[in-house]
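Have a look at this one before I ask anything.
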Amino acid sequence: MRVFRAIGRLVKGTWWLFVGMVTTTKHFLRRAITIQYPKERFEQWPRFRGRVAMVAGDDGGHKCTACAQCIRVCPAACITLERHKEGGVKGFVVDGYVIDIGLCIYCGLCVEVCNFDALAMVPEYEMSVYDKAELVYDIPKLLSRQLEPEFKK
Amino acid sequence: MAGLPLDHIADKIKDAVGDVVVEVNEGDRVPFVRVEANAVARVARFLRDDGELAFDFLMYITAVDFPDEDKLTLVYYYFSYQNQQSLMVKADVPRQGGTARSIAHIYAAADWLEREVYDLFGVTFDGHPNLERILTPEGFEGHPLLKDFASEDYVPFPDKMPGK
Amino acid sequence: MATDTAIHTQEFQVNMGPQHPSTHGVFRMVLTMDGERVVDCEPHVGFLHRSMEKMAENRLYIQFLPMADRIDYLSSLFCSVAHCQAVEQLMEIEVPPRAKYLRTMFMELNRIASHCIFFGVFALDLGAVTPFLYGFRERELTMDLLEMTTGQRITFNYPRFGGVAADLPDSFFAVAEKFLKVFPGRITDYERILNENEIFLARTKGVGVVDGARAINYGWSGPNLRASGVNFDLRQNMPYEAYGELGYEAVVLSNGDCYDRYLVRILEMRASHALIKKCLEGLPDGPIVKEKVSKFPKVPAGEVYARVESPRGDYGLYLVSDGTNKPYRYKLRTPSFNNLSMIREMLPGVYLADVVPIFGSLDVILPDVDR
Amino acid sequence: MIIHPVLSWLNEWWQGVVATYGLPSCFVPAAQMVVHAILIGGFIAVLVLFLIWLTRKVSAHIQQRFGPMRVGWHGSVQTVADALKLMQKEDTTPRSCDRPVFNIAPFLAFAPTIVAFVVIPFGDGAIIRDLNIGVLFLFAITTINVIGVISGGWASGSKYSLLGGFRSAAQLVSYEVPLVLSALGVIMLAGSMKMGAIVDAQSRIWFVAYQPLAFVIYIIAATAEVNRTPFDIPEAEQEIVAGFNVEYSGMKFAMFFLAEFANMFLIAAIAATLFLGGWRGPWLPGEFWFLAKSFAIVLLLMFFRWTYPRLRVDQLMSFAWKFLLPLAFLNLIITGLILVLI
């Protein structure tokens, strides 16, 4: 009996080893599913949260009203805003708005809380630089890339 | 909460371990039994070994710091697979030099959990086989989860809200 | 404990980690070895300690939401759902049914993603490289689905207090349909490569056996516990979100060895696949988020324990609130921490080569251990 | 059929040169040796470059990737680029190592492989020395490289490499036995240890038809012999990081690498010669058939490597001694009985 069982196990073992080989061979004959990154790129899904950008208004400028909701919600404390009150103007005047992309964690909460649609996440993910200081984005830099129309909600 | 009523459990603890139950709180969401700090190990052993209760699963041990009341509340959270019921046992120890009996020999899970509480809160556990820091590096000073923790390296979360 | 032979043997220590190909992160074991056999093991954790609990105490509830994703980055949705559940229970918010279903569905997708990684990494631990890539291939499919809805591939930041952040996009259904169609075949491929493979069986059957009582005593939970024969799954026993309506039957095996811990996860992938299908079929209409919930809530004082069944086990969050907008105490019960604590008892007596599958079969993830 | 005439022509021409200018006659064999050495060295270099590229491509396509694509057509020159990079790398030597042994180990591992190519028949007459103890020489010489592996593992002064070295020693000693025994059946059939004679004996039917069991044993033992998965425990990356070569870098590492791949081809070439009729084949030149058969075996080994998990060290040993060895003996006895009876 033991001999038969041993032979049975041998046959079964060999069979499954063979099945494994068949599976890999099957995959060997299939097309590769990866892409050649810098030459080809994935198309981003419309909601992809790349880096934060400021949305340009009709005049090309930013739409920020310096309400500081984004600063209040930012979990990484990467946004800095300077503002002041001016006589005759309702609300605040924006002096400076800086996002340190090196600190940003791409959670998208700032975009969500912004009541004036002044911020958006653009599908940009190649932000490597040689100097960390270049990762600090000021208003012109934040305005430099806009959402393509089809990416808008 | 499904399972046995809390009063019943508290009574059983009183019968078995003695008059160590300080408070029985049905609470809103997490009912708990507060016991004396020197009795946590005896209570733990009873809770595990009693056939009816059978709290065989120690989910976690932690502590909550109350600097205003100058106490640390140790929290033991048990679960019983038999009754599908959980039970929280609390015990108050002083903030400085708080100590409790280790339950590592009753629940093996308590080994690391007690080390964690020791590491982060500074509560010592008597009879623990290897009470060393676990999460923070060796030679670390202080106990980070105390509310008044201060260190040169510790930078609190910055408040970046601009002035008016 | 050197073997009792005439030949004089000397024990030596091998420092496995913190940088080692198969410690899945930064975990250090000091192994005392007698030849190829392990005599003693001294685990060291904490290399990835970020003091998440302290971070939570310093942040608003909403601010910690994306941080919760980073506690266990392979199953990040579970951590943030637990965070939301705790806050919702304290604030007594009822989540709309559609949001419940969406959360459930994406948690199951996330579970598949996590188990795919387990499959790949476990095979890699045993020296088979190819399944690793296959596991990642299927993970990409789930990631696609998650990305098109939530906007990110790993750290989703998807649930919100009282619901979820976004509804399904229109293109979702076609992609999901495709995924649901191909995925069972892919699991069959996994099974063909490993399940009955004689070498794989020899390496995993009877290795690292843990019985149910011991597993419970060590605080094991999740697939590891179910592999040891304990029939307990929060989705089945204490349903949350939409699991109660969907119904779920836990996958339970009995041997408690590395092979069963592997098989439980493979079977759970199939179960999750069925759950996702059910979710999509029964997806109710309605709002995705409860109205009039502040983004910056002041949470009423009290304490709460939220429990979800993460791919690694019983993920819990003990939240003490003092009525302000920041947590007073935020205790994370991470399953990996408890699952890993037995490693010291499991290793003595096994071969060095078995250390890797035993450790791998626990499916711990070090940020989850160290927090 | 290609190499042989060229070599003969070269030889005749050189003999003519020697005769014309009245050079000493020992110049003839000396020049021959130099030519042979260059041929083998060049062949191995090109072969290994190709094999590494092939491994990467095969593994990539099994895993539904592309593999190297950038350098050259489909990454064909990638290995050259990698070799150049390896040469430029810093040659680190750990402080705790046994320096002379550490330095010599890579060459000890690599040299026997080159020597073994001396008795491989690449084609009709394309064999450098058709020794009459060819097979014995082959197995004797390939065993030497384990000394390089052990000494490399020992001299590195790292516990991982030491474990790797020990594992390698145990494994190679165990698997050498079934390997040789499986080849013995072929030798009995051919009645000679001469490689040429063995190939000639297969002019009608390949020995794999007579010795299927031996062929299987040979493939398994050979996989173990060259440390390929599922028997790659000496360099099990997940357990002992990289085993014996964990402390090596730069060219010394490249030597080990070279030895591994050259060995893989060598073991496949032996299989092709002993079991698959060597260079014999219809229409096309013998060199082609020889390479085709060898590469078929190499591909098989590669598919093993990318499909199977790895055995544990004790399972490996018991598999060799309790399973392969009795089977090899059984095969030998059956072969002997049949030879006696017929």
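Details
The chains carry the letters A, B, C and D, assigned in the order they are written, with residues numbered from 1 in each.
The rule is short, and it goes like this: a contact is a pair of C-beta atoms (placed from the backbone, for glycine too) under 8 Å apart; a residue touches a chain by one contact, two chains touch by 3 or more.
Everything quoted here is computed from the prediction, not taken from an experiment.
With steps allowed only between chains in touch, the distance from chain A over to chain D comes to 1.
Ranking all chains by how far their C-alpha centres lie from the centre of chain A, first place goes to D. Ranked by how close its C-alpha mean sits to the mean of all protein C-alpha atoms, the top chain is C.
Counting C-beta pairs in contact, the pair that comes out ahead of the other among C-D and A-B is C-D.
Mean C-alpha positions place chain C and chain D at a centre distance of 45 Å. With centres taken as mean Cα positions, chain B sits 40 Å from chain A.
In whole angstrom, the spacing between the mean C-alpha positions of chain B and chain D is 63. Taking each chain's centre as the average of its CA atoms, chain B and chain C sit 25 Å apart. In chain B, the positions touching at least two other chains are 157.
Multi-chain contact residues of chain A, defined as those touching 2 or more other chains: 17, 20, 23-24, 27, 33, 72, 74.
In chain C, the positions touching at least two other chains are 59, 130, 134, 137, 193-194, 197, 199.
The complete set of chain-chain contacts reads A-B, A-C, A-D, B-C, C-D. Residue ranges of chain D in contact with chain C, taken from their complex: 59, 62-65, 159-160, 163, 167, 229-230, 232-233, 236-241, 306-315.
Of all residues in chain B, those touching chain C in their complex are 27-30, 56-60, 62, 64-65, 75, 77, 81, 84, 86, 88, 107-109, 111-113, 116, 120, 133-137, 144-145, 149, 156-157. Per the touch definition, chain A reaches chain C in the complex via residues 12-14, 16-17, 19-20, 22-24, 27, 33, 45-49, 72-75, 105-109, 112-113, 121. Only residues 157-158, 160-162, 164 of chain B touch chain A when the two sit together in their complex.
Contact residues of chain C toward chain A in the complex are 59-60, 62-67, 70, 130, 134, 137, 144, 147-152, 155, 157, 165-166, 169, 189, 192-194, 196-199, 295-296.
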